[in-house]
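Below you'll find the structure I mean.
We just call them A, B, C and D in the order they show up, numbering each chain from 1.
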Amino acid sequence: MSIWNMALGWGKRLLTLLLSVFLLVTAVFYVSRLAPGDPLVAYYGDRVERMTPDERAWAKDRLGLNDPITVQYVRWLGRALHGDFGISYQYKMDAAEVIASRAGNTLILGGAGFVLTFSLSLLLGVLCAWHEDGPLDRVLCKLGTAASCVPEFWLSLVFILVFSITLRWLPSSGAYSIGGGGLGDRLAHLALPVSVVVAGHLWYYAYMVRNRLLEEVRADYVLLAKSKGLTKGRVMFRHCLRNALPSYLSLMAISVPHILGGTYIVETVFSYPGLGTLSYESTRYQDYNLLMLLCLLSGTVVMVSGMAAQFINQRLDPRLSARDAAGVREP
Amino acid sequence: MPELLEVKHLSVSFFTHTGEVQAVRDVSFSLKAGEVLALVGESGCGKSVLCKSIMKLLPQTAKIKSGSILVNGADITHYRERDMHKLRGRLFSMVFQDPMTSLNPAMSIGEQIGEAVRVHRPRLSREALRARVLELMALVGIDRPEERMGLYPHHFSGGMRQRAVLAIALAGDPAILFADEPTTALDVTIQAQILDLLRDVQHKLGTATVFVTHDLGVVARVADRVAVMYAGKIVEIGTAEEIFYDPRHPYTWGLLRALPALSKGRDTLYAIPGMPPTLVNPPRGDAFACRNEYALAIDYQEEPPMFQVTDTHYAATWLLDPRAPEVTPPSGGGIHAG
Amino acid sequence: MPDEILLDVQRLTHRYPLTRTMSVKALDNLSFQIIRGEIYGLVGESGSGKSTAARCVMNLYRPQTGKILYKGIDTCYPKAFRANRRMLQASRQLVFQDSASSLNPRMKVCDIIAEPMRLQRITPPRGTLRAEAEFQLKYVGMDPGYLDKYPPELSGGQRQRVAIARALAMEPELLVADEPIASLDVSIQAQIVNLFKHLQAEHGFSFLFIAHDLAMVEFLCDRVGVMYRGRLVEEAPAAQLFARPLHPYTQALLSAIPIPDPRRERARRPLEFHGEELPPESVWIEASPRHFVLKDGRDER
Amino acid sequence: MNGAFERVGIRPLPPEPAAKPQRRRGAPVLSAVLLSAIAAGCLACGLFAAKDPSYMDLEHCAVPPGNAFWFGTDTMGRDIFSMIWHGGRLSLFIGVTAAAVSTVLGVVFGAVSGCAPGWLDAALMRLTEIWLSVPSLLLTVLLQAALGRASPLSLALVIGASDWTAIAKVVRTEVRQLRNSEYILAAKSMGGGFFYLLRRHLAPNFIPSILFMVVMNVRTAIAAESTLSFMGLGLPLETVTWGSMLSLSEKALLSGAWWIILIPGGFLTVTLLCVTSLGDYLRKSASRRERNL
């Protein structure tokens, strides 16, 4: 397969990606306007209730909400293509700016959760696979299944109840104390939300690693590797883990949006000022422009991470790159 | 000549959720340095389990129930994993049935062979390692080894992969090579090449070989001695000549008669009636009795012991008991020399 | 009475696409005929295209070019196939190599055997479908007690018998068996081959037997075609082919089979065949009556 | 002993003792018992939880568990004990209905995609990807908005409609795999049409492998309902479910009324655990059967 062909393949994928994001955005645009509720509330707050019909009409006109949906859509799309995503009704600021001001917090929370989840799950997965069916493996499996059943919001509540209210060890809300505070303060505010994020996802991935490794351990080539005289550790790490790693990495790539998106609930419970609370508010109060931009963002993250996963798989796994060049045998 | 490998009354069982599967039942045999012993039998007779249990490559559900395994006089029956990996590769190594799955698909051939060399000689320099890998690849008849070192298994055909597996098995200069149906998954023409290769290598290096197969033709080509297995037991063991030209066990007669080459011009092929028994509940007495037209009443009661025919030839059938009636083996039951 | 040709395969070519631009040629101008009532063996090593040929004959694959005439009907031509669908589906039956995957693991033996009759809406001659299944099962030498078992509970040989019973329930005129004994043990192989021979003698169906085991082919078949890389390199009556193979590939193939006789076997040196590609200008000639061989066109000149 | 050495030839074997029916290892007995107890309690709640779950006894707000109120009352003075059982009924109903909806959607979508020609299959799979790329909470909110007022049934439909992709993917892969298996080829060559193949051959083979996903979907749906109601995006406060009970927890946190959080949440978690272990068991026994085939 030549470089040209490869470029062609990726170009095609990029095109479908753009198309998918476009479809997604269109669908969300139309569906969100079907929802009952009054976007004016987001902009004018309580004043809306005291408005006369004329004032309402004027206000709607000012926000461009009187035109047919398709006209609104075309206008939005035209502006969006120029990088103008409109203003957030609630914050009365550029939607992009609102998001930019919150994105950092979510990235810190999600990023910390992501790194911890994946390093811990790799560790746990290898540990379980090593002691397959032993007491440690069984206990961990049971514990993990139990932990993955607890709904995130409830776990957050219990954590707050235990660590903030009863023990008073850690703060229960926000990203930092009012009036700033140093790194320690930030970390203290992060501790509970991050542990909920990790607890919610950890076992799913650890179990995946465990099963993937065991699949490799049962493969025939392990017998040959053992009969060479390799130790169990060498077989496990040099052969099994190495073969399981590409699929684990691509799984990591796919789950970027899952873990980032999973912060949604946690952010709301802990009143953590991130994109999660933002998207919760924007759906609740029909803050259309903000909602659209958030959807665009999350759609892009999902699709890009999907592509990254495919890329990782193809580059790291010689079996797959061989399939591309199938038919070429025996030089 | 001292015995290189001695297996005494070995029994191996698998403990599954359907019960205990007695895969190997009271097997004894020995192997001298440099000789080729063929283990013949139908699938499920325990021949492959026997090899893997000697190398301790069986899954955790399998247990050695009784008996002992001696290598160079040392008892390795109760060796743990950490003792075993020092023996594997150097004392004995194995070639597996399916070359398509027995190589790591994500590692280049050169790397896999190199790893096998390095295990036993960790202080080898890079150049020396490379030279040794090339030497091994040339030994097993892989042309242009320099080019092919960096290739992955999927670039290779079945025959080539089996050569690579053989190179890996030979990397540590093992004293014993277990070859578990190494040619079954290959085409006949490739099988012939691999068999010749095995024989050449065996002559060159003097590696004692245990060759597992179900094909008597292959046995005739490679084996010095033959052990016939049925339902987890060795029922007859002897030199190749003795087994082919003077078989004593009715099962061996049946196997030889069932060869289509020997039914030329006949209307029907000879077929051993019935099916092999399950090893969950092996029948009482001789497991082969219910398929054996020469069965004696005692076969259904009591397991036959090994009767000695010559110094090298033993068979487990009551027909060899002095009290048994005289039975003429069926024509085709032994191939007449000449 | 002149031999009636039941199946006439003409210049069949089939490619498997690999990528958009590459493909593998599985069949290359394959032609052969099966006469009513004969057992035709197709042998070759893996990748020679013999299974593809069987599947084309059974209309499971559509060849790119070429014709398959069954009783004079071109079955590759969709219109002709549709017009004769019921006859074609009933009178040609297939037995696969791997009985573990060709029988639905979640169906009982009696349903498996009765399936073709149910599909073709044939009134069973012995009353009920179950009675018919029982008869067929006994016919292939199995106890009726197995009727209510599931395939995973049976041994390989028993499963293959069930597959044969299913095929025979339709009283086929052409039976195609794609490596039916390759996954069985030697002693069971002999049982199944005997069964085939016995059934063929009794029913008189034509039989396309595909195998890589030459010894069994020699025993069972009337005529044998040898395939190499999608082409037929030699075709002759079985006895003649095994006594006097002409094509170097056939010779290599025959000499590669080990003989179960230590003294003779060790003294022997198998022939090798190095013709990687068959020259395209090869010609198909009749070397002796009914014995055809593919000759390198360049030798002739 | 002469008789013993008489030649008798082949004798039929005594019939093998029939295999003993064995107890399946690792059957989740405890989970099954607990789950049936909870389900029975919810169904028969009228019999023993006599108090009206929606009655607000404003004189007894946030009373800790005691003799009068076994599980205490919430901040609005409602009796938690009867809320648990009445609300559980609704939660379970939503879970089961949503799982049924997602199963039907997933199986239809997956089967069509699995049997369709390549281009259609690719298009359908792209569609599921797009579907997946909308954050699930957002998706349910949008769907809910499109359906109009929130009621238990509409919420179940919404949750079901947002959660069918996993089943669709599994069904599609299974169908693709089975489609090339030899017994399908055999049935085809005997003249079996598409619906015959689907009914007799495909469905019996993929049903066991999706059964556990269905059970897991019940779990996801119960969890989703409680999360949505907790966040105020699902059912209103007056409709009692385990989730809506928990939406009062912010006030409860301030007053340290642990029972308002721990008791409904505990029931919810135990139910989810039981459903999960049942699902796990189903998956294990399905894969064990696969290995035995």
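A few comments on the model shown:
Everything below uses one rule, namely that contacts are C-beta pairs under 8 Å (C-beta built on N, C-alpha and C of every residue); 3 or more make two chains touch, one makes a residue touch a chain.
All values reported here derive from a predicted model rather than from experimental measurement.
The interface holding more C-beta pairs in contact, when B-D is weighed against A-D, is A-D. Among the chains present, the centre nearest to the common Cα mean is that of D. Inter-chain centre distance (subunit B to subunit D, centres taken as mean C-alpha positions): 50 Å.
Note: centroid distance subunit A to subunit D, computed from Cα atoms, is 24 Å. Separating the centre of subunit B from that of subunit C, both taken as means of CA atoms, is a distance of 32 Å. Centre-to-centre separation of subunit A and subunit C, using mean CA positions: 55 Å. Across the complex, subunit B meets subunit A through its residues 52, 55, 57, 60, 81-82, 85-90, 92-94, 96, 98, 101-107, 115-116, 119-120, 147-148, 151-152, 154-157, 160, 165, 168-169, 171-172. Listed in rising order, the residues of subunit D touching subunit B in the complex are 1-13, 16-17, 19, 22, 25.
On the side of subunit A, the complex with subunit B involves touching residues 133, 219-221, 223-232, 238-239, 242-243, 317-319, 322, 328-331.
Subunit D meets subunit C in the complex at residues 181-183, 185-192, 196, 200-201, 204-205, 292-293. Only residues 45-46, 155, 157-158, 185-188, 190-191, 193-194, 197-198, 212, 214-216, 218-219, 252-253, 255-263, 265-266, 270, 272-273 of subunit C touch subunit B when the two sit together in their complex.
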